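Once you've had a glance at the structure underneath, I'll fire off some questions.
Per-chain residue numbering starts at 1, and chain names A, B and C are given in the order in which the chains are listed.
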Amino acid sequence: MAEVILELNNLYKSFDNQEVVHNLSIKVEKGEFITLLGPSGCGKTTTLRMIAGFENPSKGRIFLEGESVEGIEPNKRNVNTVFQNYALFPHMNVYNNIAYSLKIKKVNKEEIKKRVYDILEMVQLKGYGKRMPDQLSGGQRQRVAIARALINNPKVLLLDEPLGALDLKLRKQMQQELKNLQKKFNISFIYVTHDQEEALNMSDRIAVMNKGMIEQIGTPREIYERPETRFVASFIGEANIIDAKYINDELTLTNVDLKEENSITFSIRPEDIKFALEGQKGLGLEVTVKEYNYVGNMIKIVTLLDSGQELLIYLYDKKAEKLQLGTKLWAYWDKEVMTILDKGAKSV
Amino acid sequence: MGNRIIKIFSKFYMLLIFTFLYFPIFIIVIYSFNASKSNVLWTGFTMDWYKKLLEDENVIIALQNSLKIAFSSTIISSIIGTTGAVAMYKYNFRGKKGIDLLLYIQIIIPEIIMGVSLLNYFSVLNMEFGLFTLILAHTTFCIPFVYILVKARLAGFNSSIEEAALDLGAGKFTVFRTVTFPLILPGIISGAALAFAISFDDVIINFFVSGPESTTLPIKIFSMLRFGLSPEINALCSIMLIITLFVLMASQSIRIKKQN
Amino acid sequence: MFKKIKKLDIFKIVFIYPLALWMVIFVAIPLIYIIVISFAQRSASGEIVYSFNLRNYTTMISPLYFKVFFDSISLAFVSTLLALLFGYPFAYFIAKVKKRWRVILLLLVVIPFWTNSLIRIYGWMILLRTEGIINHFLLAIKLIHEPIKMLYSYGAVLVGMVYMLFPFMVLPLYNSIEKMDKSLTEASKDLGASRWKCFFTITLPLTMPGIVAGSILVFVPSIGLFFIPDLMGGGTVMLIGNLIRNQFLQARNWPFGAALSIVMIFVALLLIGVATKLLGKKVDLEVF
């Protein structure tokens, strides 16, 4: 069992009678990269601020290295934050921004110099010490903000959607850099984002949040391939969420009333669905082609089930013959790739 | 914990400052109703001082003068300030920087300089000092205030609606009348109200540019103060207070009404 | 390439000229006149004689006038400092209040300002007199045995100045403080700064523009507000403003008064320029 460095116990937070965080509990391990993923307003930033000390929980406790941080001011917690807009001090140059916390701790000048230059090199900003924040590009400011926080060797680093303001290419590059930095420093990163691709790419574990609660925590693979709730299934990646019914071990779609026996709701990823033009192989459903779209790296086929629900299929074989609209297909898949979300009146 | 102490201290401090700000005015108004001449001992409620004041012909004349001057300079400075602000906002022309500088100078340099320069100017031009010179002077220092407030209103202005009006066939003056003017009206009203208050309350310029026949209220107060303190002054001050506050409150409510 | 015929833009003319003309006629020319007569002389009969000479200016180079200038500037400086010391916390606290209340509080700060300056001075005169309320109160609670002489003193003039110009300090300060990015103070605390450290290293430097603006708006008028020393100083305080007023309305030596005015503007602008350069400098401030 890895060492737990931060523990959130049954956290609640309300603002003006509106509950923003509801019974949230997480155990963060030492050296892990964990992401709080969710849509805006789900409470992820508030949770981060509670850890940093800028908000106090309405209920619940936070433990850092086993000790409660209740009542401890932000400037006394061994936790540092990388803010969404970087919050670089505009009236100080890069060197002084990064050195700020060390100066407060009254570290001696020589050591500050060494540590600042070391970290500047680590974030690839060697020689930028004298520049002012407004002379830097977005990506550079980002790195200064990270360096400024990391130079403290905090137990936990909190990152609040740090890459939001960057363009796509830069974002991908920074994602990799952040991952590398995290491994190098071996500090626990708690990362907040609404971008699921980012979360899947960077994290050791992801906590998917919705309306103040955690819907699921798991590794990226677990979250993607085994979504446990309807929300997680639809929020992560593209998913088909279908109501159907088993009849004699075969899946049949009728206008299923979920109160019926043998009815289920399941989710399945478009890329996991195969199809055949003739015959019925294995577990599947009959569909009709509605749209056939070439999007560059794959073909997106939108099909219709008998009940009127849509089933999205991804086809990667671009050489396949184009299908006419209205063609009837048998869409099928392996039992393992399908995740059952709700079982109806009786279990299967 | 520290947060709570700071919160309490901040409330206390603000209260202290507000007391500092309002106490003198409060005393003046309260004691204008005092039966005795004292500004300390309260002997009874009376409206005598107000009666005495309103029977004083000189005071009435001074009040009328101040009002005449304030109204006139407000109207003129509003027109000039508004048209000027619109022009400066829309156009670039030679001398634009110069006008900007002149407006800026008026705000930056002490009022006494303006007073003195106009005194000199009017006498070199052999003008008679009286209501007319006062109106000219007041208009001059009111213009920057109207200008700034209208300009601020224009800053948030979306000029594409003017372009849309032009595109639909309206002439420039029509565009101004039907599109621009209604939208900057709140700024004009604020500016006009401020100009009125400043003109009505002015002391320094009046000092230099008024004539023997054209005493204004502030000058009257000043001379009364020179003679010693008396509750009539309190009453006069209270009346001035009410007039100024009334104008400003009225303008605020007109402004709000227009915005809704 | 054909030449565009310039059509007369009547709209432009109607809108630009009123302001332009008025500014030139009533601001520019009078000021130029003042500069002109500052080089003139006053004849024995009180007329202005336009013979260019510097005597007005050279007269000022004397200990007497230096003292007056120095006194005026130091009074203005002290008033500004007091206004800043009392005004900054005030503006800061208002900026921290809930949004709804801020506008109301600011309005309350400005309302006294809408009353006539003389009224405000009069109010303080009543309060500070030896027979005034404050003395009465202190005597009544036996804190003092004799009334304190508060009016007609340097201190009284300071009170009058600060009271008169307080909103001019508070409003720019408030603007500057309110506009400051809150995440910067959070970041500094996140990095370990105590409340005071955070204030001195982050808040104060970043609100410097407001401090400079407020200081200028208080400093400049306080050099010229002659009626405050008149009424509250009781003649014990003689400043440039009083001097100028005397020259124009009593001694009738307008050229000399003009010269004094010019020097006054010059000194004021010089100090403003220096202060702005020093305080508003956009350098990497070594804040420690």
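Just so we're on the same page, a residue touches a chain if its C-beta (ideal position, glycine included) is under 8 Å from a C-beta of that chain, and two chains touch if they have at least 3 such contacts.
None of the values given here were measured: they were computed from a predicted structure.
Peer 1: Would you say A-C or B-C is joined by more C-beta pairs in contact?
Peer 2: Between the two chain pairs, B-C has more contacting C-beta pairs.
Peer 1: Suppose chain centres are the mean of their C-alpha atoms. Which chain sits farthest from subunit B?
Peer 2: So the chain farthest away from subunit B turns out to be A.
Peer 1: Could you give the separation in Å between the centres of subunit A and subunit B, each centre being the mean of its C-alpha atoms?
Peer 2: Using C-alpha averages as centres, the distance is 59 Å.
Peer 1: For subunit B and subunit C, let me know how many angstrom lie between their CA-based centres, rounded off.
Peer 2: 18
Peer 1: Distance from the CA centroid of subunit A to that of subunit C, rounded to the nearest Å?
Peer 2: 56
Peer 1: Quick one: in the complex, what on subunit C touches subunit B?
Peer 2: Subunit C residues touching subunit B: 11-12, 14-16, 18-20, 22-24, 26-31, 33-34, 37, 86, 89-90, 93-94, 96, 105, 108-109, 111-112, 114-120, 122-127, 129, 131-133, 136, 163, 166, 195, 216, 220-221, 223-227, 231, 241, 244-245, 248-249, 254, 257-258, 261, 264-265, 268-269, 272.
Peer 1: Quick one: which bits of subunit C touch subunit A in the complex? Just the residue numbers, please.
Peer 2: These residues of subunit C touch subunit A: 181, 183-184, 186-194, 197-198, 201-202, 205-206, 282, 284-288.
Peer 1: Considering only the defined contacts, which subunit B positions touch subunit C in the complex?
Peer 2: Interface residues on subunit B, with respect to subunit C: 2, 10-11, 13-14, 17-18, 20-25, 27-28, 31, 38-40, 79-81, 83-84, 86-88, 90-91, 93, 95, 98-99, 102-103, 105-106, 108-114, 116-121, 124, 136-137, 139-140, 143, 147, 172-173, 176, 197, 200-201, 203-204, 207-208, 217-218, 221-222, 225, 229, 233, 237, 240-241, 244-245, 248.
Peer 1: For the complex, give me every residue of subunit A touching subunit C.
Peer 2: Contact set of subunit A toward subunit C: 52, 54, 73-76, 79-81, 83-85, 87-93, 96, 100-101, 103-105, 130, 132, 148-149, 152.
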